[in-house]
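Please read the structure below before turning to the comments.
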Amino acid sequence: MQNKRFTHRLARIRRKEDAPEFGFGSISTSNDQRMMNKDGTANVIRLGEPKFSIINLYHSLVTMPWWKFNISVLGIYLITNFLFAVIYYVIDPAGLGGMTFKTETDRFLEIFFFSAQSLTTVGYGRLNPVSLIDSTVAAIESMVGLLGFALATGLLYGRFSRATAKLLYSDNIIVAPYKHIRFPEADKALMFRILNARKNQLIEIEAQIMFAYNEEVNGSVARKFQQLKLETEKINLLAMSWTIVHPIVPESPLYGLTKEDIESVDAEFVVNIKAIDDTYVQQVYTRTSYTWKELAWGVKFDSVISKNEQGITTIDLKKISSFKSAE
Amino acid sequence: MQNKRFTHRLARIRRKEDAPEFGFGSISTSNDQRMMNKDGTANVIRLGEPKFSIINLYHSLVTMPWWKFNISVLGIYLITNFLFAVIYYVIDPAGLGGMTFKTETDRFLEIFFFSAQSLTTVGYGRLNPVSLIDSTVAAIESMVGLLGFALATGLLYGRFSRATAKLLYSDNIIVAPYKHIRFPEADKALMFRILNARKNQLIEIEAQIMFAYNEEVNGSVARKFQQLKLETEKINLLAMSWTIVHPIVPESPLYGLTKEDIESVDAEFVVNIKAIDDTYVQQVYTRTSYTWKELAWGVKFDSVISKNEQGITTIDLKKISSFKSAE
Amino acid sequence: MQNKRFTHRLARIRRKEDAPEFGFGSISTSNDQRMMNKDGTANVIRLGEPKFSIINLYHSLVTMPWWKFNISVLGIYLITNFLFAVIYYVIDPAGLGGMTFKTETDRFLEIFFFSAQSLTTVGYGRLNPVSLIDSTVAAIESMVGLLGFALATGLLYGRFSRATAKLLYSDNIIVAPYKHIRFPEADKALMFRILNARKNQLIEIEAQIMFAYNEEVNGSVARKFQQLKLETEKINLLAMSWTIVHPIVPESPLYGLTKEDIESVDAEFVVNIKAIDDTYVQQVYTRTSYTWKELAWGVKFDSVISKNEQGITTIDLKKISSFKSAE
Amino acid sequence: MQNKRFTHRLARIRRKEDAPEFGFGSISTSNDQRMMNKDGTANVIRLGEPKFSIINLYHSLVTMPWWKFNISVLGIYLITNFLFAVIYYVIDPAGLGGMTFKTETDRFLEIFFFSAQSLTTVGYGRLNPVSLIDSTVAAIESMVGLLGFALATGLLYGRFSRATAKLLYSDNIIVAPYKHIRFPEADKALMFRILNARKNQLIEIEAQIMFAYNEEVNGSVARKFQQLKLETEKINLLAMSWTIVHPIVPESPLYGLTKEDIESVDAEFVVNIKAIDDTYVQQVYTRTSYTWKELAWGVKFDSVISKNEQGITTIDLKKISSFKSAE
């Protein structure tokens, strides 16, 4: 059920400045559905997509986890190998020289290994194609092999060159007590924390929080969006952790609201982070979202930074999500 | 024939703000010629281009469709293979060891397969170069083979790394009834729709519509350009479809015009879309154009979004161009 | 010798707005030396550079012309091949199996071809290493070969991926009669012309002209820079040719000057063009410069655009530099 | 110990404009610890990082020096080779054909070379797998070999494509006498110098200096940051050297301070340089820092630029850090 006070506040804010466009349209979500998944993809089903496309296949092979990728490469190698072996076996098993098999099974296995030796272009030569038809198949197979490994080269490079930056987000977005000379009217702030999970340097990091909520308009519920103003929108270097802070000033759509108010509108906080990966000199964009279920109220983050005995600043990556009661 | 009312309106607008430069000069087009093709390339013939250049060849191989590319690779492999076979056959057919041919045709075929085994560096070895001259040619051929597959690696990577984003545009640009709190003076709007055709995430999408038309100036017809102001110029994430809308307010060059007015000036709407492909972290630029023949008047788009039984938002890509009468 | 009128004009302009920094410092040039070469590199000698660096070698191999690159690759292949052949020949010529030589020269040649077969990993196998020492050298050689071709793959891709955009500049920068509604005070303009020399689409093209000249300050001559304001600084698409125009309005440092005035200060017009190559989605930066010797006064460019019999716009790339007297 | 005058000055400045966020938080440093290392990485220890990750391994292989990289590649090749040799030797040493060994050591070595011939896919064939189990291992080994060299291709390309720009910084940041028409109130300026160490052209170079210092706030010492305004923040082309200058005007946090004042607050000057590498068309970001120990007071830089006998401007890279007393 929609909170009256909340609706009234937001309507007042919106009169001043128009809601920014976020790209999700205005369809309301039910309580159990988030708009954006934790990994930053939209929680949407797409119909009418082409069943197969070479680009989508490439896309999958570049973005899948390493264990899946390795199994895929091994699988494709084995299947291709096997298919060519079947071709030799079916069309001209006697056309290969140097065979030493005794049983029919061994014959097929020996052909299978000849196929492997052609596909990888190792071509020892004890086994070698003699008949014209087998020579033709072998010529095709070694070309397929080379092109396959040319593809693998591109895939490996594609995987490495895009997978070089990774941010750790705190598990929760919190509302913590807050005091800042620039925001004297705020006594609370909404905040979450990020850390660089890799050794690469991240520079020119920018953050954005979008607040999505349901609103009753003439009896029907529509999804609305408000961008939340941040204490700091950009930092030069992500050397330590960075706590992204939205001070809850009177102009904030969250001002004066309780935890229950925020739950009642099915709130979701959508987060965009933009940075430059200094090692590979490329832009990095990450997104995530926090629903009201991931909102911790009245707590504060534990520090991730300390000094070791030599006086050098030390960051503990494992404490990124750690917080305690603010009482 | 030029519409007087139209000319007058546009002259008034232009006094205020200068027409933006679009790069097409001011040459008028005839009714059957569009300035920009549907795929975003300029409809222009270029004379005096160099007949052949290695860069243009690379360009062709990277941008041609996959079936053409595969045929080209296979063709180049076969031709190179064949050329080297001819060289061995002509200069020293007896210089190869391990031959088993019985007829002259078989001899050439066996040499052809030796050539294939050298080019792919599989080098089984039953067939092998013995004479100095054949050894020399074989050394060259295997180097050519390796460089060829080095090239293929680059081409495959080039094809994949650039071909990763694709937008679906609605077939028509439409003029639909329109009502928006920010544009109270507009009762109609010009609009078209886009969708992401691939699984990649597209973020920071920006749109621009340029209106091109003929205008009589002192009796001669010149081509003029006006940029159309959009309801929203940028969205954060192309999660759903995006309808790009130009509200036809009094300041719009289209205000008060009929469908016939727009036809009479040989109108063309040139569209630029700019986005970031989040998966491969690269800028994406697409362009297209709608001529007056692709303008549907007084209709409205069908929704592409619905909810399935689990309450998850669902997009139907096939409905992108679907519209119905606005009556 | 420095023109008084000129000095006075420029001093007045500079009081209003500070000269932009260009990066060339303020060292004056002699009449026969340009600051920037036609290809956009600085005309500067650098001392104290390291004699050799692997990065500079890579840089040379990526930027050298194709014929040089091909010769280099072939040369490196031959030399490596030869060096390994010498090693086998010197340390253990009897350690190779399958040899058929009769003379000592043939022996070396056969070893040379064994070396080639190892380097390209074709490894036919008639010739094969038997002794431990030759097996060791062969194992190293085939690894070197593979790494060498891995390098060649990167070099080829590097060459293609950077060499994809090319602009044609007109040979001369001209001062032509000029009339434009936005610049009523200008009756002359400085202009030059560019064209896309390749089939790639170039979009979002931006231009900048920097005017460099000598100025007497307290008796010593210093080099000064002024950025020239352009009629249009950016166009959306380089579909046709683009004439970059600096209207010579009263605020221009060129206003009221004669051709001789411009010569007397050893003028150089340094040009920066920035664009996006739409096919490979990359920024393109090109620079060139025109000295006063390349300035044509009182002429106008011939049109490069015409219509063919089907009414399609046609551009003639060969006319890019063509101009005629403006009388 | 904190200087009173200094604290007072900075407090006054900060009231006007808020300190920019730099990403280092507000932890003070001890006198012997710098925040940023000379190579631009943060002087921070990270706990809780995953022990091993394939991305961090790739990262190390791309960023390590060439001699380490070459040794790593050779080492990985030898170890893989050796491991497979052990497998053949242990599971089925009799399964290989063509062996000629006499002692058990020779047997292992011959197997080792067979392994090398499989891994590089040279596959001469005198040694070849006959048994099923050895054929299987050999099929796996040649696939591993090809994938390994596919990886090496990507690594080599990754190393070259990112390692193309390098700036030389002067060893010291200096405070030199200064006179400039735009800053009449400044008689001193803080400055350092950069040079392009490579042959690539660098364009659109931007600089930033951040001044970090300790400040006593209510008895505890906190780290504060001030961005220093520069005479010129951007130049078009790094053709010569560029001296980055902060004029010490009354608004500067350094105004009126002595060398001792600056030492007493444990000052560190953090420098960001941003440029475009014109040859490979990529953004380049470099950072470094100067602590108060690297500050030279009352000196001036020697010129790096001269003219040779032909009148061509000459830069001496070795003089980048050279300065002399300003008396």
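Here the chain labels run A, B, C and D in written order, and each chain numbers its own residues starting at 1.
Following the convention adopted for this analysis, a contact is a pair of C-beta atoms (placed from the backbone, for glycine too) under 8 Å apart; a residue touches a chain by one contact, two chains touch by 3 or more.
From a predicted model like this one, the values you see are computed outputs, not experimental measurements.
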Cα-superposition angle relating the copies subunit D and subunit C, to nearest 5°: 90
Identified repeat of the A-D interface (over half of residue pairs identical), from A-C, B-D or C-D: C-D
Winner on C-beta contact pairs when B-D is weighed against B-C: B-C
Subunit B and subunit C, separation of their C-alpha mean positions in angstrom: 28
Intercentroid distance (Cα basis), subunit D paired with subunit B, Å: 39
Per-residue multi-chain contacts in subunit A, two or more chains: 117, 121-125, 127, 153, 157
Subunit B-touching residues of subunit A, taken from the complex the two chains share: 18, 20-25, 27, 29-30, 32-33, 35-36, 40-49, 53-56, 58-59, 62-63, 97-98, 117-118, 121-125, 127-130, 132, 135-136, 138-139, 142-143, 145-147, 150-151, 153-154, 157-158, 162, 210, 272, 282-285, 287
Subunit A-facing residues of subunit C, complex: 121, 123-125, 153
Complex contact set, residues of subunit D against subunit C: 66, 73-74, 77, 81, 100, 106, 109-110, 113, 116-117, 120-127, 149, 152-153, 156-157, 160-161, 163-164, 166, 182, 197-201, 203, 205, 232, 234-240, 242, 276, 278-281, 305, 307-308, 310-319
